[in-house]
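Look for chain A in each of the two complexes below; its partner is chain B in the first and chain C in the second.
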Partner chain A sequence: MSFAKQLNLIDYSLSSLWRRRFKSLGVMVVFAGVIFLLASFQMTTKALTSLAAESLAFAPEITIQKMRAGRQESIPVAYQARLSEILGITAITPRVWGYYFNETKGANYTILGLDPLSMPLGDQLGRAIDQRRLPREHEVVLGRGVQGAASGSGSSIISLFRPDLSLKAMTIVGNFQPETDFLTYDTLFMGLADARDLFGLPPEMVTDLCVTVANPSEVATVAKKIASLLPDTRVVTRQQVQKTYQSVFGWRSGFASVCLLTALTSFIIFAWDKASGLTPEEKKEIAILKMVGWQTADVLALRFWEGMIVSLLSFVVGYTLAYVHVSFFEAALFRPILIGWSVIHPSIPLRPTVNLGETLLVLCLTVVPYLTATIIPSWRAAIIPADSAMN
Partner chain B sequence: MHRPCSILLGCLALLAVVDGGLVWHHRCQERLFAVADEVRRVTVAGLGLSDLCLATEARYTRHPAVTDLVVPFMDHPGAMDHFPTGSFWAAPVIVR
Partner chain C sequence: MSTALIELENVCKTYNQGQANQVLALRDITLTIAANSMVCLRGASGSGKSTLLSIIGCVFPPTSGRAAIAGKQLTRMPDRFLTIHRRATIGFIFQHFNVLPELTVLENITLPLMPLGVAPRQRKERAERLMEMLAISHRANFPARQISGGELQRVAIARALINTPPILLADEPTAHLDHPLSLAFMEIMRDLQASGKTIILTSHDRLITEHPAVERIIAIQDGKIYVP
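Let's turn to the complex of A and B:
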């Protein structure tokens, strides 16, 4: 077929779509909506996964937690000595961390106490704090969410309850930088002794141990040795942390399944409606075209172009809107489910990416079935003799 | 009078301009993020962080990397997962 003929067919298709403009517009809105939903979820989960992968590339190489009755419990500091015989360990840093519920605000905070100077890059940690200094005894650095929720009065003192309900007052000496919001927004960072005092932990106990390994290729071996030396512990490696985040925002999560099922169901209903047959007007139009000399192939080409224009325009519009939704509005539609009942939650700098493979997958799942659903009924109508169709 | 084809081409050109603008915006954002990434690296390494602060309502969505798979159901025997975030976050695959 010549190029000029195809152009004429496209012209005719557009005129035909314009004649049924309300129906065509309705189809495009539904189509674009389905693609928007699918692409938004795909982009959001991928952006969250990449954010986690990039940010947690410097997570502790090994974290050791003590387990009892299937629950994590405090680990004795003396366990450090039992690891001294393992070659390849450069440092073991005890940490005290846990959760603090602020009943007034209804907010959960994360309390973190450690000596950062024994951690990798710990000497540069001041760069992440606006006052450029680490907390000393009875001092605390707050995440920006805690600053907003805990000391709206502008006070430089924050008071927290110990388990026995006595108050522990601490001086606020800085806030984490806004760039670290999605890591530290709910965090109160203090010295190890202060965190232990706040949680009422005995001096010989900590929450977990962070292990630094000299050679990254030996992490798995060192982790195995630790697990055999300390059988009552769980040994979490950096690789496991990253793998968790590779899978945690998957299509198998409950919300994703609901989202996918809703989109697919609406699309199936929509395609079924299209495929179940043409309207008498559409059949009549095909019959007239055949009577004036159009071949079956021409009718099919016409319907193909109609389907292609509707589906491709809907696809591009749906995908573009999905990008805008994720990038500019931080996936606002999914945000209520993502943050749940969290009282303090940071803005999440999502960087959606458009991957060719995934785009083609969505294209194949939506455009191809739609084209098929458009062309098959037209082919059925086009092979009926024109005079029968007219009757 | 314009051919319908030219109107379609106009629409496609408009979409191309919008998408081009989004690509440009994405590249600008990449540069901004690259600057902030260094501070984030220091924070993660210096504090030994294992998780992102996305949802703070439940410990298994605040720190999914260092909690057990059974945590949502371990508050008491027969406990159900009642936090909304549990529906968004898939259970991590057990890494052997």
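Let's turn to the complex of A and C:
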């Protein structure tokens, strides 16, 4: 009986919303917009965090960088020898890792110079390259984003400026596979000597030393030992980098969420106002319903179902639009806020994930406040005396 | 002899009690109306007849006195139970018809059945019987705003009858109808009385007060029953 009654009330709610379709649509458009913003933010943050985690899975367990006056400077390759006494280190790979700004294209490239054969499983790096061939002297492998931005002309040569503005020409011998996009999209991969030459580093220097540790549970201990043996260096573990990423994205996402929650609050006030401002026709309708036998609880239930239908429809529309925005438009609205400086990179494809917990969180942050905000106006409407229909 | 369906004893109604704008609308009304009768409450505007109709219609309880409608005491009855009693006992026909203009005739008639959980098919069947009786079946799917005044009133009558209440109340029912439609309305009322309904009308239209079906006229003046 009660279930049948609720079905009747839902039926009436739908027809009531349709009769007031312009007002209902107005509320839904604004509400869906707020949900779209919140969900987009959440999905973008989640996608970026996941991508960061994926990239770190391939990062060296420990990276050693030389510091002077609180800033990073080149590190001598000879430092490797001083670490030979630490047990647990499987390999130390010298690496040149830097950024190259292409003024013409307005793009920032990542330059990776290393000798793959000197690192564990380095020979397998060729699998990530379409030609299955590692670069030799004066050769380079490009990420897909660089291929598009740097050599759109179809040339097999790429020329880059050294610090003294002389040109360094390199032959493109392959591209990274699409599956490695997040790691390699903006990357130029070359030999150690070529990278040194490009950045003007002396032959005995690199930017950092990558340490591979046999036992993952010993990473922290090994890092401590390295730090004590090389006091002028910064020893960064993969876990520390991961934490930094999380806090950077978390802070930016949190800051933006606060702004969006302000928008949500404004919307709730707007919803309150809309729900409170009953037109004379709506008041008359409620009085008639009560006169013909509807109870206050029935009118309240009717208003609740109206709110539920409006908020759930808005949620579905807003959430779907957010997914499309992040998946197909790469979160164009929020990239500058969340990714910051790296907006000048070639763009990175984002893969949003939809999981129950995150969806429920957005649902609780939007639908629940809306329903709560409309309870009191609904109650005010529901207690309109039946006899007002007689006047 | 008919049994009393409506019994009022020393009924008073005060609006805004205890406030500066307090209004004493009814004073010491004592009245008995038998089942299956047709009664007309007559009085000038502001005399208190609509307030009396509201108490008989279980819209609100009296401020003091005893009111028993269809065997239930209204005094101090909570609003929730008043509503339940009203929808089981009373059918209202309003002066301005009070149908919802955007709803169809069928939807308007079935409105009282929705909170009772009556399934759509049953709602339709019950409404179709009434529409046939009142000759408005051809308007079933028309929005109420598109039909004539006479048809609107029949919709209001059908809506009042959909719960098969024993008492039918009509507040100034012919105020917005021309002479032929008013006559037709009274014929419907006569048929309904013949089928066992108790009918209470408020009016100062002579067509009603002098209609042969109306068994009794109760004059109200300044919130009291007036005996000339």
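Everything below uses one rule, namely that the second predicted complex is superposed on the first by the 332 of 391 C-alpha atoms of A that agree within 3 Å, B and C clash if a C-alpha of one lies under 4 Å from a C-alpha of the other, contacts with A are read in each partner's own complex, and residues count from 1 in each chain.
Here, contacts are C-beta pairs under 8 Å (C-beta built on N, C-alpha and C of every residue); 3 or more make two chains touch, one makes a residue touch a chain.
As the structure is a prediction and not an experimental result, all values here were calculated from the model.
Undergrad: Please indicate which partner A:D11 is in contact with in the superposed arrangement: first for chain B, second for chain C, both, or neither.
TA: Touch status of A:D11: both partners.
Undergrad: Should A:R19 be classified as contacting the first partner (chain B), the second (chain C), both, or neither?
TA: In the superposed model, A:R19 contacts chain C only, not chain B.
Undergrad: With both complexes superposed on chain A, which partner does A:L363 reach: first (chain B), second (chain C), both or neither?
TA: Neither partner.
Undergrad: Tell me which of chain B and chain C touches more residues of chain A.
TA: So, of the two partners, B touches more residues of chain A.
Undergrad: For A:M308, select first, second, both or neither according to whether it touches chain B, chain C, the two together, or no partner.
TA: Touch status of A:M308: no partner.
Undergrad: Please indicate which partner A:L289 is in contact with in the superposed arrangement: first for chain B, second for chain C, both, or neither.
TA: Touch partner of A:L289: chain C, not chain B.
Undergrad: Contacts for A:I86 in the overlay, against chain B (first) and chain C (second): which applies, first, second, both or neither?
TA: Neither partner.
Undergrad: If we overlay the two complexes on their shared chain A, which of chain B and chain C does A:L229 touch? Say first, second, both or neither.
TA: In the superposed model, A:L229 contacts neither chain B nor chain C.
Undergrad: Could you tell me which stretches of chain A are touched by chain B in one complex and by chain C in the other?
TA: Looking at chain A, the two contact sets intersect at 7, 11, 15.
Undergrad: Under the touch definition given earlier, write down the residues of chain A that touch chain C in their complex.
TA: On the chain A side, the touching residues are 1-5, 7-9, 11-12, 15, 19, 284-285, 288-298, 385-387, 389-390.
Undergrad: If we count contacts the way the header does, which residues on chain A are in touch with chain B in the complex?
TA: 7, 10-11, 14-15, 18, 48, 51-52, 54-60, 63, 65, 70-72, 93, 95, 99, 107-110, 112, 114, 116, 119-122, 124-125, 127-128, 143, 145, 176-177, 179-187, 189, 208, 210, 236, 239-241, 243-245, 247-256, 258, 309, 313, 316-317, 320, 323-324, 327, 334, 336-346, 348-349, 351-353
Undergrad: In the complex formed with chain A, which residues of chain C make contact?
TA: The contact residues of chain C facing chain A are 50, 53-54, 59-60, 79-80, 83-84, 86-87, 92, 94-95, 98-100, 102-103, 107, 111-120, 159, 163, 171.
Undergrad: Touching residues of chain B toward chain A in the complex: what are they?
TA: 3-5, 7-8, 11, 15, 18-19, 22, 25-26, 29-30, 33, 36-59, 61-62, 64-68, 70, 74, 83-93, 95
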